Structure formats: structure tokens, C-alpha cells
Amino acid sequence: MPLDHEQLVAMYRALSGTRIAEQTITDLNKSGVLRGHHSGLGHEAVGVAVGMAVRPDDCVQMSHRSGMMLSHARGGYSLREAVLSQFGRAPSHYASLPGRPRTLTIVGLVGTWVPMSVGISMADRLRGKDTVTVTFFGDGAANEGAVHEAMNLAGARRLPMVFLIENNGMAVSMPTSEATAASDFAARAAGYGMPGVLVDGHDPVALHEVAEEAVARARRGQGPTLIEAKLIRWESHANGIADLRTPEEIEEAHRRDGVRQLRDALIGQGILSEADADAIDDAARAEVDAAVEEGRTAGFDMTVPPPMDAADAWRLTYAN
Amino acid sequence: MGSTLYINAINRALHEEMARDNEVVAIGLDIGRQGGLFGVTRGLFERFGPSRVMDTPISEAGYMGAAIGMAMEGVRPVVEIQFADFVTVAFDQIVTVAAKMHYMTGGGKNVPIVVRLPYGVNVSGEGYMTGAGPHHSQSPEAWFCHCPGLKVVMPSSPADALGLLKAAIRDNDPVIYFEQKGLYYTLSGEVPEDGEDHIVPIGKAAVRREGTDATIVATGAMVGLSLAVAEKLAGEGVSVEVVDPRTLVPLDRETLVASVRKTGRVVVTHEASQTGGFGAEVAAVLADDAYASLRAPVKRVAARDMPVPAGLAARAALPGEARIEKAVRAVLGK
Amino acid sequence: MPLDHEQLVAMYRALSGTRIAEQTITDLNKSGVLRGHHSGLGHEAVGVAVGMAVRPDDCVQMSHRSGMMLSHARGGYSLREAVLSQFGRAPSHYASLPGRPRTLTIVGLVGTWVPMSVGISMADRLRGKDTVTVTFFGDGAANEGAVHEAMNLAGARRLPMVFLIENNGMAVSMPTSEATAASDFAARAAGYGMPGVLVDGHDPVALHEVAEEAVARARRGQGPTLIEAKLIRWESHANGIADLRTPEEIEEAHRRDGVRQLRDALIGQGILSEADADAIDDAARAEVDAAVEEGRTAGFDMTVPPPMDAADAWRLTYAN
Amino acid sequence: MGSTLYINAINRALHEEMARDNEVVAIGLDIGRQGGLFGVTRGLFERFGPSRVMDTPISEAGYMGAAIGMAMEGVRPVVEIQFADFVTVAFDQIVTVAAKMHYMTGGGKNVPIVVRLPYGVNVSGEGYMTGAGPHHSQSPEAWFCHCPGLKVVMPSSPADALGLLKAAIRDNDPVIYFEQKGLYYTLSGEVPEDGEDHIVPIGKAAVRREGTDATIVATGAMVGLSLAVAEKLAGEGVSVEVVDPRTLVPLDRETLVASVRKTGRVVVTHEASQTGGFGAEVAAVLADDAYASLRAPVKRVAARDMPVPAGLAARAALPGEARIEKAVRAVLGK
């Protein structure tokens, strides 16, 4: 179903807000106030669009790029929390919290995190639920064996899943074009007996449409879909790591910015006035700025915990 | 009590636990209609159906990860890896995902999986698969013992195979369950009657034979060999105690230390290769906690540090009764 | 290039000989004289056809099904040796021996053996060789992550390789159709940017044609090819393991037998007379029977080696 | 002699060996134009070009396997795994293929690869990446020590980092090379002048400080902490010897045993978690070979058996000077 005006405005609000929050977090890292961020600038559209296409009881495993945007768009995760979490003052967007939309953690090894999402889907099926599991990972991670095994397993069991490849054209310094000779990752779907859909990862409306269709298909019992969202990240891989790309490549990313495009479209179609849009942006900026102030004042949580003995270690590590 | 084969005890545990709790599922290669390559899962598919007894593609990392995901939702998957050797392709999922989940989520999620690993060679040299060579005969328990977040058990008798598997399935942490595949059809022993809910608690060692002159700490198939050695030495008036840790992590230090306090002399034996093996941990624990009681060097008897040879040649690399006996004599100074 | 008459006769000789040897070895296992065989009955065509399409300095990593047939067809590995190796009285067909065509070992974990073949190809390229590396594996192994990584790496580096999937429709008891939802494995090739070719694995002439083309393409520097040979194994997974298939499935395998088909075709086309063909078969049978006799007389090599100390273990395990 | 950073010593070894021998190649993630995530491979790509300095897709099993294949043809690949933690996805290739190839082929093939594993956390608590949490901070050396066919080295100084890497590259067996990434930019030390071909033989331990009252056996970053403890105790008139095995497999038992014969008291320390760690092997060796000389329990000081916490919290789990000192006092009975 095409988005109605209200939804489009909500989409813009989420895009604008998460862009402002992400830009702020990225800047705080560049200036040394925060440390060690994988900037999601340029990935807002995919996070927000997919977030709007799933139910709270669907399970989403988020990536290190668009997770914050997705959590925000699904509801229950404010921009304030997004900023404060960077200061160690609020749970991160990965946390599964009661009353919040259902999420699945990732782990520090890319690719490795994908198979467990297949298990979530299998468990839900065992319980007779009609939920869908969505798993995000990058173009780089897609070359890991575990991802292959997971997608094949989902296909073979016709699981209600969506595999979402955020193809930002790079894995740290490795251009996707050197990491695989495949013209696109969507082409891999046939090898697992599922449809593969290629979509412009900058375009939130197009993204929402394919995500909604894939989720619906899964919910109808027709099995998994592989969606490849092609986009360009604005920043280097992570704070402190040199970006080897040409300025032209990065300019291209800004030219295709989906946040601005949706803004222009909504204004062009008369859904929002310039002033409405500005008001949306300003509100987000105010929330973000206040959160930064709050975080800075609180300071980092750098306290060294008390000495730990074997019993503490056991309790933290084992359930029983 | 009745006598049953080691393999049947494992099979019984699976049947009992799946009947008891709908959340217990089994997943692995050829565990369904085929009943498992070794026959461990016989009858499960017919009884519990394909939604709870799941054959999978040859994708050990994939299905281990899927089992972990299921477990995070409260399902209790028992995962079969066809040969323990093949766990290397699923290693990452176990040590990176399963072992650290409880910690990473601040206790919010736990991973109640059991990973069944048919390991080792047929030490007696008889029966099925005397030795299928370097990639089908290994005993990799030490890798898992050095991974916080995992529990590791290794039953040496049908009764323990039954009781430890049932305990492992009910445990809320990931448990790596080592079953010695050479014992499947060669070892039988007493088990409680059908219908009795026999649980062997995780973390409790067993004193297999009491003795006063020396202790052998033995795991898996080495327990039987050690008992034979003890029996033989008893004929010479030497009283050897045999202790079987059964659970490797968490280790029952108390029982081990108590034995060595009594005997003052100890030999540690396992089927895996020596360097960095589980026996090193036992020796290290005793060299610390039981230091004051030690009256001889701590000796280890383990496989040679080499790949496990194929066929009967495995005997040359593996620890056998002769080497265990020699080590006991050495710690006794005779 | 189509095979000329002489080559076709040679092909038939290799097919007939390896069939007879394999049937004999399979029977010896069933009767308990030998132990623990993965029968290659039904896989003769793919072994022989690919064996005839490569050069001795090309490197082939063989599977546990058609390896013997391939070694024989490449030359230097007689039927006598094939049989004697089963008695532990001759090197197996996996062994790399001086003066023999170049082979690469496999290991006991399916899938795991594939990445090293990529390294052979990379080494050959470093040395400026114009050789091709061919890697065999099964439909079951194809679902392992390591295979995915290897094929993607070969595609990305445009390596002179051929990946040959012997799809016999089964992995132990797992039907391929339940192990993946892909219509065929050739469809996976697009995901690695290489051509995928589906071929009847019973038809030695068709197999030779696609193998020759793929090898030529690799040698021309145009990169790897994935060939999927679809066929049916005659026997259960391995000696002693129950076969859960229906009799119809196995009958179908015999109906499509490529050895008999080539025989009939050569006789039909007048390339061989019935008597010629019989003579070929008889010669093979005589060689195989004599080898069985030789093997039986020699008996198994069951000697228990002398006790081994740490120094022996080191010497066997380490190069220095 | 000049002073250089630990990271520069590793970089120098790579430059020297690649210049010396055309067969030496490097392969890994972002090791080319990026010069490595930590900067270890800087300048190699520019100097030796893309055919010898190979960036790969994120496929650790794939490129590890490819390196093994190259090595079987006589190429000498130095494989970088970006963080030691990620070796779990390539674990199978190392233990199943590389470690067993010499044995499996009857010596016909060998696998002269070096696997570089940046491990651990910044124990000093300063500089780069104090602790990036459970999946970026581990010290998994014990897994590899329990795999016949592999050699394992762990340099604790720039000079050893240089000399052991050069030795590893020239070795004909697979060598797992553990480099403590917290030391990259925090530790400098004397190294032989540029141009000097500095080799540290595999299998030789180093006595870092001589002493007579107690021995500390320490690896990696724990060597520095142990020396600090020894220095501190020297002020109290206690003479502590610090032995650094440098090579974990094959272990230089002689040097370790000789030290304990002299001091009679020993503490073993490493950064990895305790249970089943490399320290267990050292303790087991000493409890056997040096039993007669031991005058106190063998103490281990290692990380708690838990995932490595993120951030400065890592300090609570890791062994530190205080715990080492306490253990030394304990073995000294004071």
C-alpha cells in the first residue's frame, strides 16, 4: 500500500530526526568528545523505511549502520535516548527491552550474527506465530560463509524472513566491486530459491514499498526475500579510519541524499510547506541538542568497577 | 536397574526429554528418517515428527546458529554434529555467539542448547570404526573448556550418558556433550529402570573405584582402561583410586583434591593429545590446590601430539593401558 | 572440439574399466571383504569426462565419488592400482605422485576442502603458469559456507578455475530438494559473477563438452565457471548405511546409465562393433579380477605399528 | 641498536622478509592501500604491489584456505586476521587443513603459512582501544596450543616481534603469531639496526630478569607487568626471575624447568582466561618435570573465566600487577 500523507510526514520526521542525531553523533566523534563510532550517515532511509514496514512483534536484527534509525522509526526509541546512549547514559538501540518493539542482538563478527536470526524465525514458527524476522547486514558481511548457510536454510525451510543487505559499496577499504564479481547481491537470491530485489537505498519511499511487500510475502507463508539496498555511506568506515575514496564518490552520496529528496518531494507535492518542514527539523535539533547537553554534563561512565572474583565472573557469564 | 548400551542410554535420554518437554527439539544431519549416522536418534522422527526432529543441509554454522536463535526464544535444541571433528566449522557460532550471549545481554538472554559431539576412536580396537583417521577421530574437549560461558560434560558410562544428557537439556546454559563413539556399541552398563527420571548433576565428579595409594583422573573411554589398570595393580596389592570428573567445566575440584589429599599421587589421562589438553587443567588445579599433599610428580597420559592415525595405527598414538600402568608405577616410584 | 572416434573409444574404455572396477570394489565392500567405501557407481561419466578435458599440469581436486575415475582417465592410474589401493597395497588415487597428473588432496570435512584449491590457482598465477584448477564437490558440500567464500573469491579474482558440483540428489539421507530451495546450483554462479552450466551428469559426451569449454575459458583468462552435473548415485551413501530411496529412484539411475548409453551409441554409429566393445569390457574385467586376487592374497595391511614416542610424533606431524 | 615501537618491529619484519624472498606474500582485510586497520602493513602495498599484498573479501575461511593452498605450492603467505577474535570463522581451515597436511600427505606437502593474530586488550589502560568488548579483546592462544601440527609464538617486545616473525615466515610449518595489539603504540624497545637480519629462534624461551626466590612465567603483555612486580619486590629484597616462553609450542621446557629448579616457586600468568589456558600447560609441565624442586603451590594469574568486558571494566577481569604480586607473595609464603 502506498504511504498516505500522514505516513509520509511521519517518515520525513523520522528521517530528519535521525539524520540530525546521527550528524551530531558523528561530529562529536570527529571532535574527540565521543570515541569509536561507525557513522550511519547516508543509511537513514533504509533504517526508517524498514522500521515503518514491520510490526512491533516482528523481530529485527539491526546492523551497525542503520540500527538507530530503525529503532527510532519503529517507535519507543527517542532521539534523546539515541544521543544519550552514546554517552553511556541510556540503553543502546540494540537492547531488547520490555514493551519495546522486538529486536535481536548482533555480535562483533559480521556475518556471524545472521544464522541466529534464522533460529528466531524457526522458534516463532514452532509457536505458531505469524511474525516475520528481518536481518540486516552489509555487502562485506554477505561474503561470509555463515550468511550463505543462513540464507540457504531460510530458503529451504521457506521461513518468513527478509534478508536486507545494506550495500554501501564498501567494507572498510574494500570496494564491493573488488570483493565480488557479482553484478549485484540480489542475484544471489536465486541460489537460495527466493526472490531478490534491488532497490535504491537512498529512496525511502521505494525502500518502504519493497520492504512492505517482502514482509507481507513472508507473512503470507511464501518464504523469504533478499533485498539489496544500494547506497553510499557519507563517512569513512569508522571514526579515526582514513577514507580512501575520491571526493567525487562522497559528493555523489550527498547528491542522492534521500532525506533531502523526500523533503523536496513533500514540499513539491504540497504535503508540507517549507515552514512545516523547518519546524520538524527544528524540533529534532532542539531534542538532540538538549540530549548532547545532558550527556556532556553527565560525562562518560568511566568508573572502574570493583574487583571481581570468580563467583562474580560466573554469575555474569552463566545463567545457572 | 537393567543393562543397556551406551548408545541406547543417549537415545533414551533424548526420548524421555522430548516426551517430557515440548520445547526440546533435535537438529542435525541425517537425524530424522535415517536415525543418525550412528543410530543415536533412532525413533525420534517417527515419534515427534519433522517439526521437532529437524534434518538440515550440511551447514554446521548455519544450523548451530539457528539452534542458538531458537534457544534465545526459550526452545531447547539438542544439536548433533555428526562427528566431533566437524564442530570446527560451527566453532565460531558456539564460542562467539552461544558462549557470550548471557554476558552480552546482561543476563537478558540465555542459550539453553546442548551440542552433542560424537568424539574419539574405538580405543578397544574392536567394533565400529576402529579409527577413521585425522578428521573423524578427534577429542576436542579442551577447546571448549577454555571458553567461558560453556559447560562441558563427558560421560563414561551408560548411566552417566543418560543422566548427564538429561541434566544438560534442562540446563539454561550451552552445554557441550561429548559422547565417545567407540563406546556406542561396545560398552554396556546398569541404568535405572525405564520411567525413572535419572539425572546426573552437572559439576559433580564420580569416584569410580576407591583406593589409597594413587589416584587416576580419567575421562571418557579412559575410565574403563584406568579401572582395568587399577584392577591389575590390585593384584599386586596396590590400591588405586579412579576419579571421573564427568563434568569438565565447571570442574569438581573438591572431589579431585580430596582424592589426591588421600593418595598423594596422581596420574591424569585422556584420549585427546597431551599439550594443552584438559589434563593440563587438572594437573594445574592439583599443583595448586593439592600441592601440600603431592608426594610425586603429576603425570599425564594422553595421546601423542599428532593427528590421530587411521585404522589400528591409532593405537600407537593413543594412550593405552600399558602407558597408564607405567605412569601409575612411576608415581608410586616402582 | 567434438571428440574424434579414437577419443570416443578411449572414453568408452575408461568408462567401462572404471565401472567394472567400481562395481567390483562396491561388491567386495558389501560382502565384507573390504570395509567402508563410498561407492562411485553412477559417477563414472563425470570423472572420466573431466579427466579427459584437463592437462596433466592442471590441478584437480577430486571428490570421494568420482576421484578414481578421474585419476584413471587422466592417465597413470591403472585399474589394477585402483583395486589394490582398496587393499592398502597401492597409493590411493588422491595421492600426488611424481610423474603423475597433478592433483590436490581433499580432507575429511566436505566443503572445507574447497578453499585450498583457490590457493593453488592463486599460486599458479603468481608463478605465471597457464594452468587451470578444477575442484569437485557434492550438492551437500555446496551448502557449506567455505564453498561460498571460495567461489566468491575465485570470481572476484577472475581465477582460472572450474567448480564442479556432482549433484547426485542426495547428501547421505538428505534429498537435495530439501537441502535448498534453489532450482539448481548453477543458479548460484551469477552470485559470484561467473557462468553457471547445468549438464546431464550421466552423459559423458555432454560433460566433456562443457568441461572442455570451461577449462578453455579459464585458460583464456576469462575466469571461473561453475558446472553442475546432475546425476543419481546407484548405491547408498556408504557401505553399511541404509538407503532410504525408493526402488524407482534407483531404477531411474540405471536407466540413465551413461556407460551403457555410450556403448550403445558407439555401436549404433559403427565406431565399435559389439565384439570390440565386449573385448574392451573383458580386458578390464580381467585386469580387475587379477587385481582382486592379488589384493586378497596380500591381505590387509593390519600391522600395528611399533610404539611411537614424542620424537616420532613430531617428525610425522611437523616439517621442521 | 635503536628503539622502535612494537608495531614498527612487526612492520619491519614484513618489509624485510618480503624484500628478501619473492615467495613471501601478505593477505588479509584492508592490508593494502589502507595499510591494515591498525597500520601494521603500512607501505607493503606501495612497495610490493597488489599481486603480493592482497586485500580480500570478508571471508576469513576462504582466504585462510586460499593461503593454505598457496603455501602447499611453496608460496609463503602471511595471513592477517583483523582481530584475533575473528579467527573463529577460519578456525576450521587452520586446524583441519593446515595443521594436519604434513601428516596426511606423509610429509609430501607442508604449509608454511604465518597467521598473524592481533589479540588482547590494552592492559595498561592507555592508548588505542582500551577494550572493545567480548568480540574484539580475546587471547585465544590456548586453542592453537592444543592442535598438533601448529607452532605458536607470542612476542612480548619489539625485538622479539621482529625476530620471531622473521623466523615464523622462514619456518616450514604453520605458525600462529600472536601480537598484543595494546602494545602496538605503547611499547617501544631496542631492536638491532636496520639491515641486521635479526632472527629469534622458534622454541627458545627468554629469561627477562634473573632472580633466585621465585619465578614468574609470563607471556605477551604480562611480561611487562611481571617485570614491574619483580622490580617492586626487589625493593623489599625479594629476587624474582621472569621467564617469557616466547614460543608456546614447542615449549622450551628446559629453560622453564631450570628456572624453577633454582627458585622452587612459580607463578604463571597470561592475559587469557584461566580455565584451560596456556598457563595450565606450563603448570602441568612444571608439576611433572620440576616436581622435586617445587617448594610451594603453582599459582596461576589469568583473566577471570568470563568474556572480556568492554571499556575500562576490562581491568576488573584481567590479571594486573596487583594480582601477580599477590600470587608471588603467596608462593613466597608472605
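When the chains are written out, they are named A, B, C and D in that same order, and each has its own residue count from 1.
Throughout what follows, a residue touches a chain if its C-beta (ideal position, glycine included) is under 8 Å from a C-beta of that chain, and two chains touch if they have at least 3 such contacts.
Computed from a prediction, not measured in an experiment: that's the story for all the values here.
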{"item": "Topological distance between chain A and chain C, in contact steps", "value": "1"}
{"item": "Chain whose Cα centroid lies at the greatest distance from that of chain D", "value": "C"}
{"item": "Selected pair, greater C-beta contact count between C-D and B-C", "value": "C-D"}
{"item": "Centroid spacing, where centroids are CA-atom means, of chain B and chain C in whole angstrom", "value": "37"}
{"item": "Gap in Å, rounded to a whole number, between the CA centres of chain D and chain B", "value": "30"}
{"item": "Whole-Å gap between the CA centroids of chain A and chain B", "value": "42"}
{"item": "Sequence positions of chain D contacting 2 or more other chains", "value": "56-57, 59, 61-62, 85, 88-89, 92, 96, 100, 103-104, 134-135, 148-149, 304-307"}
{"item": "Shared interface positions of chain A, touching two or more other chains", "value": "107-109, 112, 143-146, 148-149, 152, 156, 178-180, 313-314, 316-317"}
{"item": "Chain contact graph, described as a line, ring, star, complete graph or other shape", "value": "complete"}
{"item": "Residue numbers on chain C that touch chain B, as the complex places them", "value": "36, 107-112, 140-141, 143-146, 171-174, 178-180, 241-242, 244, 302-310, 312-314, 316-317"}
{"item": "Sites on chain B touched by chain C in the complex", "value": "29-30, 32-34, 37, 55-62, 85-86, 88-89, 129, 132-136, 304-307, 309, 311-313, 315-317"}
{"item": "Residues on chain C engaged by chain A in the complex (per definition of touch)", "value": "143-149, 152, 155-156, 158, 178-183, 185, 187-188, 190-194, 223"}
{"item": "Chain D to chain C touching residues, read off their complex", "value": "25, 51-52, 56-57, 59, 61-75, 92-93, 96-97, 100-105, 107-110, 112, 148-149, 151, 171-173, 250"}
{"item": "Chain D-touching residues of chain B, taken from the complex the two chains share", "value": "85, 88-89, 91-92, 95-96, 99-100, 103-104, 134-135, 142-143, 145-149, 249, 251, 272-273, 275-281, 283-284, 286-289, 291-292, 294, 296-300, 304-307"}
